[in-house]
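In the two complexes below, subunit A is the common chain; its partner is subunit B in one and subunit C in the other.
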Partner chain A sequence: MLKVIQLDKTYGSNKRSLKDVNFTAQPGEVTAIIGPSGAGKTTILRSVNQLIRDDSGQILLDDQDIRQANKAELRKIRHHIGMIFQNYNLISPLTALENVLHGRLGAKSTVAGMLGLYSNEEKTEALALLDEVGLKEYAYQRCDQLSGGQQQRVGIARALMQHPKMILCDEPIASLDPKSTKIVMDILRKLAKEKQLIILINLHQVDIAMEYADHIIGINSGAIVFEGATKAVDDDVLQKIYRQADDAKAVVSANED
Partner chain B sequence: MIENSQPKPETIQPSASHAKKITLVTKPRKILRSVLAGLTIVTIYSLATLNNSNLQLSEAFKSLGANLNAMFLHPSVGQDSWALLLRALATSVSLAMLTTLLGALIAFFIAVGAARNLAPNWLATSIKAVMAFVRAIPTILWVLIYSVVMGLGASAAVVGLTFHSVAYLVKAYSESIEETSQDTIEALKASGVGFWPIVFQAILPSIVPALLSWTFIRFEINFANAVAVGAAAGADDIGYYLFMAGSFYFNFHEVGLIVYLLLAVAIVLELVSMKLRGHYLKHN
Partner chain C sequence: MKTSFPSPQSFFRQRRLRLSVVLIILIGIYVLSMTIVNFQTWTSIVKIPAGIIWLFHNFIPTERSISYLGPILYQLWRTLLVSISSTIIASLFSLVFAILGAQTTTPHPVLRIVIRFGASLLRNIPVVAWAMILLFSFKQSDFTGFLALFFMTLGYLTRAFTETIEDLDAEKLQALQAVGANYFQCVFCGVLPEAASTLTSWVLYMIENNLRDATLVGLLTGTGVGFLFDFYFKSFRYDAAGLIVLLIAILVIVLELTSTMIRRAIA
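Then we have the complex of A and B:
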């Protein structure tokens, strides 16, 4: 279980801050963070694996506080948190298989990692994961020759290669067409149920969030304005989440990502 | 879907003055024009004051023609043998190859420290400053400096050439590294991957084509330098024989032959580099 308690974050000029953010995300569920641009969705997600350092609060993953971890411990924790991105962030000249194997790098010694030495079991597992996301025949294709949806599935396979407890998804479908969106979201939902993963996902599209998420976190101007089951979200709640930021102190910047 | 973007009203500033004369000449263009004017004046002045009293134009052109004829239409080995010249040529090529490989290897590790997206700012800046200083001094001078330290010969040439190659390649490599996307680096960082595995597994594969082409350009430069340095440091390579034939024995036939040999090597280098790059870009 992921538990975020009283997270606060201030950027230099008081812009785009997180104010007293509390929420939980359960294994086996898709938890979606929704809210207007610049509300702090990305900041929350990146605080969870400490790519962004926040000011105060607690982030408990299975009762271990990520914020208290030292550098070596943080690397170990991060190894069990997969992450997928809007722009996939694969190494494009490498093959799909090599990119999936990158999910093991965090578990290796420096030298083995530098040289990219993978055991046969790891290679077999990588191929099996590519098969699982429906890309077996593309294993030896360069990633820049794959479509966006295919690249995102390689990204998911890379995250799975880490044997994660949790997968963070930063706007995973923002660059995808409706068909690829459905494929990717179906895979993510299936993974949450079958592997009992925590799936924490930033979404722009309310309709997708309503369709796929079990749990919704609504955020506006850096503060959580709604947390609850998806079926509890109605028009009033959406109005509250997406109300204009004029009355709030924080300025909504149009290009958060 | 709910949108929250609201276009901001734009205010139109009234233009300040209508009476001001409008000019199309921008500042850079003004500077360019004054530089050109200055150069023209200098050229005219030096042509007008040139001392040409002893120059006989027709005579000069005739001997130029004779020399070119001897060099390029009648090349021969002169007082040296083919075996000797080819061996010296091989020495030059190996000198260039050795210094480029050594330089590339050292430069890659230094470049990691000089890339702003990997290293702390103070380190990157100081490495870049030192390398700029080393680069500012020509390769030949470095070889001469090392000749003083190590004595004339091939080792001074190797160290001097490598030294300048490192400085050159660090700049090229670190700029290639800086062009790799921060996002892909972040993706691996987020999965707990350490620094050196990221460098070798994420950055290196992304920049191999750029590294290859920079290294090959440096190889060509090093070959040219090796020829020039051979004479200066007495490295017993083709440059030494070129220097002897040209300045000691005045054997223009041999000079011509050596020039053709160098040209042949340059063409081969170019072909190899084109093939390698094409191969790598296509098949990886």
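Then we have the complex of A and C:
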């Protein structure tokens, strides 16, 4: 279980900060964070694996506080947290298989990782994972020759190579067409159910969140304004989550007129 | 706000006006500097045809020049090797410096400033000056030429490599950090594969460039094909000197074509 307690974060001046963020995400569930642009969705996600630091609060993954971990411990923790991105962030001149194998870097010695010395078991597993996301025949293709949806699936396979307890998804479908969106979201939901993973996902698309998420966290201006089961989300809740941004927008357009 | 909104006509009028002003300034600078150095544009242009005729008359290789082909090819070969080896050794050092000095991969910001400054210093000393400085310590030898090219290339490639690495998408490296990769793994599994094709392009470009520079350096260090050119030239064997120029040009073109081919293959 992931438990985030009283997370605070300020960027330099005062913009894009997190204020007293508390929420939990359960294994076997898809937890979606929704909210207007700039509300702090990405900041929350990146705090969880400490790509963004200097905050206060507690981030407990199976009762271990990620924020208290030293460098070596953090590396070990990160090894068990997969992450996928809007822009896939694969190393594009390398093959799909090599990118999946990168999922092992956190568990390997520095030199073995640097030189790409992977065991036969690791190579076999990487190929099996590509098969699982339906990309076996693309294993030896450069990633920049794959479509967006395919690249995102390679990203998922890379995350699975980490034997993750949790996968963080930062706007995973924002650059995808509806068909690829469905494929990727179906895979993520399946992983949550079958492997009992925590899937924590930032989404712009409310309809996708409503369709796939079990648990919804609504965030506005760095503060959580809703947390609960997806079926508890109604128009009033959505208005609360998206209100201020719309108001702000209305003010701006009023000024322009 | 509304009152200051320009009409498209006045917007493009202003555009044209600005362009005309820039042109007039450039012409003014030309006229002024020509007056200062006492350069008569028209009389110089008139002299060009006669100069070209003299050049062709004297520098066109004849049957006699073929007898010089052996030594010329031998020295050209040596010059090519010196330029390739100095570029490759310099690029290895540059790669290390660039990784240490690029904003995305530097271990410490102070190191970054030191490397930037050092590279800019090396780069901004012309290769000819390098050759003349090194001439005192290493005398007239291939090694002096090698070092002159090496230092200049080191400065140039460190800068080019640094910028290549800084242009990489930092998010991709973050993705590797997120899987638990440490610094060296990020560099080897992320930075190097992402940058490899651009880095190779720079190295190939530098080899071409250094072949041209090597002939110039050879003039000063008394080695290679540059020295041979100087020697034939000063002993009035213009046809042999012309043959050298021709062969250098051919070699540079061949080199350019080859590196274009390699670049395309790895892109």
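To be clear about the criterion, the second predicted complex is superposed on the first by the 243 of 257 C-alpha atoms of A that agree within 3 Å, B and C clash if a C-alpha of one lies under 4 Å from a C-alpha of the other, contacts with A are read in each partner's own complex, and residues count from 1 in each chain.
Note that in this section a contact is a pair of C-beta atoms (placed from the backbone, for glycine too) under 8 Å apart; a residue touches a chain by one contact, two chains touch by 3 or more.
These figures come from a predicted structure and were not determined experimentally.
Bringing the complexes onto one copy of subunit A puts subunit B in a clash with subunit C. Residue contacts after overlaying the shared chain place A:238 against subunit B, while subunit C stays out of touching range. After overlaying the two complexes on the shared chain, residue contacts for A:185 are found with neither subunit B nor subunit C. Contact with neither subunit B nor subunit C is seen for A:213 once the two complexes are overlaid on the shared chain.
When the two structures are aligned on the shared chain, A:83 is found in touch with subunit B and with subunit C.
Set against each other, subunit B and subunit C touch different numbers of residues in subunit A, with B touching more.
By the document's definition of touching, both partners, subunit B and subunit C, reach A:92. Annotation: subunit C segment clashing with subunit B after superposition, chosen from 6-14, 24-32 or 42-50, is 24-32. Where the contact sets of subunit A with subunit B and with subunit C meet, they give residues 49, 51, 75-79, 81-83, 85, 87, 89-94, 102-103, 105-108, 110, 113-116, 158-159, 162, 168. Across the interface of their complex, subunit B is touched by residues 36-37, 49, 51, 74-83, 85, 87, 89-94, 102-103, 105-108, 110, 113-116, 142, 158-159, 162, 168, 205-207, 238, 242, 244-245, 252, 254 of subunit A. Residue ranges on subunit C touching subunit A, taken from their complex, read 169, 171-172, 174-182, 184-185, 187-190, 193-194, 196-197. The touching residues of subunit A, when paired with subunit C in their complex, are 49, 51, 75-79, 81-83, 85, 87, 89-94, 102-103, 105-108, 110, 113-116, 158-159, 162, 168.
Listed in rising order, the residues of subunit B touching subunit A in the complex are 1-2, 4-6, 181, 183-184, 186-194, 196-197, 199-202, 205-206, 208, 284.
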